[in-house]
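Labels run A, B, C and D following the written order; every chain starts at residue 1.
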């Protein structure tokens, strides 16, 4: 299983808070997961997920697009943070 | 009249808090006043007043040794400040 | 030491009092309040979304790393989420140290990293019903980077 | 805005609360407490002498110049004199601004100038009866100077 979370304007635009995906060994990096999600959901998702500002976290740590995924991981996509 | 004040270790060492001096037109700068005080009080005062760290204020503003004095001025001598 | 991420208001004065009671030589505190004017004009409400779990983890890492870098004696970060009105405190950061330069630097280091690294997102709501996600400021990223430059 | 130079203790938490109640976007506060360890070892008492009149004037000039330079929305400086025990607050500086960088810079600018320009002198009293005037630190002068360098 992979748990995929979306925050802020990505959550709103994609109208999705959490996706639970079957673990598939094909899907081995954050980048590959993005491609998988785009293939399933179309160009609107592509536009948002491929935006150069999108930040990726795996298990609550910000990572690069090449980060490998493992069964049970929690992945998150969100725009740049604006705390404080 | 000139009012001359001493603070901190200068006040303690010279055992003097305030001196009221007659205004004399001979005494026209902070440096000249220092020489006058040394002439009157001797080498112990010279040692303290000529110490390179001594700060001079006229009418509550820090000034250079060349600062001219006027009748009624308040002059102060003190070591570097250590507030905060 | 410690992080609090909460929806409830907090009492910054009490928090300051707690830090000062430590008797540590230097105390530095920063707090940020909701602006009443945003990107689209008057702001009637600010909504703060966050990533529960990751937020606490990132704030703890930022505090620990400020603490190690500046030899802080103590530090505390409080950050709110949920709906906030203009003038309400969003964030409160307080540190203590042996020296004032460490206290100032530690407090500002925490704020500069929190701004760009802690998973919070702000949405402004306006009196006319419009709403707008606040964009991240490039200047915030620049301020964070200056802590990591060779010089 | 304003300066208070007083022998009585003050309530830093209450002062913080007053600043934060302004609702201004950024609040920065620094307070300095008496160290329990000085140049000759344990300090039982710190005595602060000052130059009444000049102190208030210098602190006001420092606050005004920080305010102009960093566009502060408000500022306040409280400084005690007389005998102080370890852990007691000597100085409290609080500022508010539209942005955090101005608040941090304004608060630190005030502290750095106050340290070297305000006419206070510290004398440490030790448990063995010895007393010692605290020497000015070169590092304080360096920290003040960096606000006035071309760069």
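Here is the rule we use: contacts are C-beta pairs under 8 Å (C-beta built on N, C-alpha and C of every residue); 3 or more make two chains touch, one makes a residue touch a chain.
Every value quoted in this text rests on a predicted model; they were computed, and no experiment measured them.
For the pair subunit A and subunit C, there is no chain touching both partners. As a whole-number value, the distance joining the C-alpha centres of subunit C and subunit D reads 24 Å. Centres computed as Cα averages put subunit B at a distance of 26 Å from subunit D.
Subunit B and subunit C have Cα centroids lying 49 Å from one another.
Rounded to a whole number, the gap between the C-alpha centres of subunit A and subunit B is 73 angstrom. Among the residues of subunit A, those touching two or more other chains are numbered 84.
Residues of subunit D found to touch two or more other chains are 32, 100, 111.
Two chains count as a pair here when they touch; such pairs are A-C, B-D, C-D. Residues 32, 48-51, 53-54, 57-58, 79, 90-91, 111, 114-123, 133-137 of subunit C are the ones that touch subunit A when the two sit in their complex.
Put simply, subunit B touches subunit D in their complex at residues 5, 7-9, 11, 53, 57, 60-62, 76, 78-84. The touching residues of subunit C, counted against subunit D in their complex, run 12-14, 16-17, 20, 23-36, 86-87, 89, 98, 100-101, 103-104, 107-108, 111, 143.
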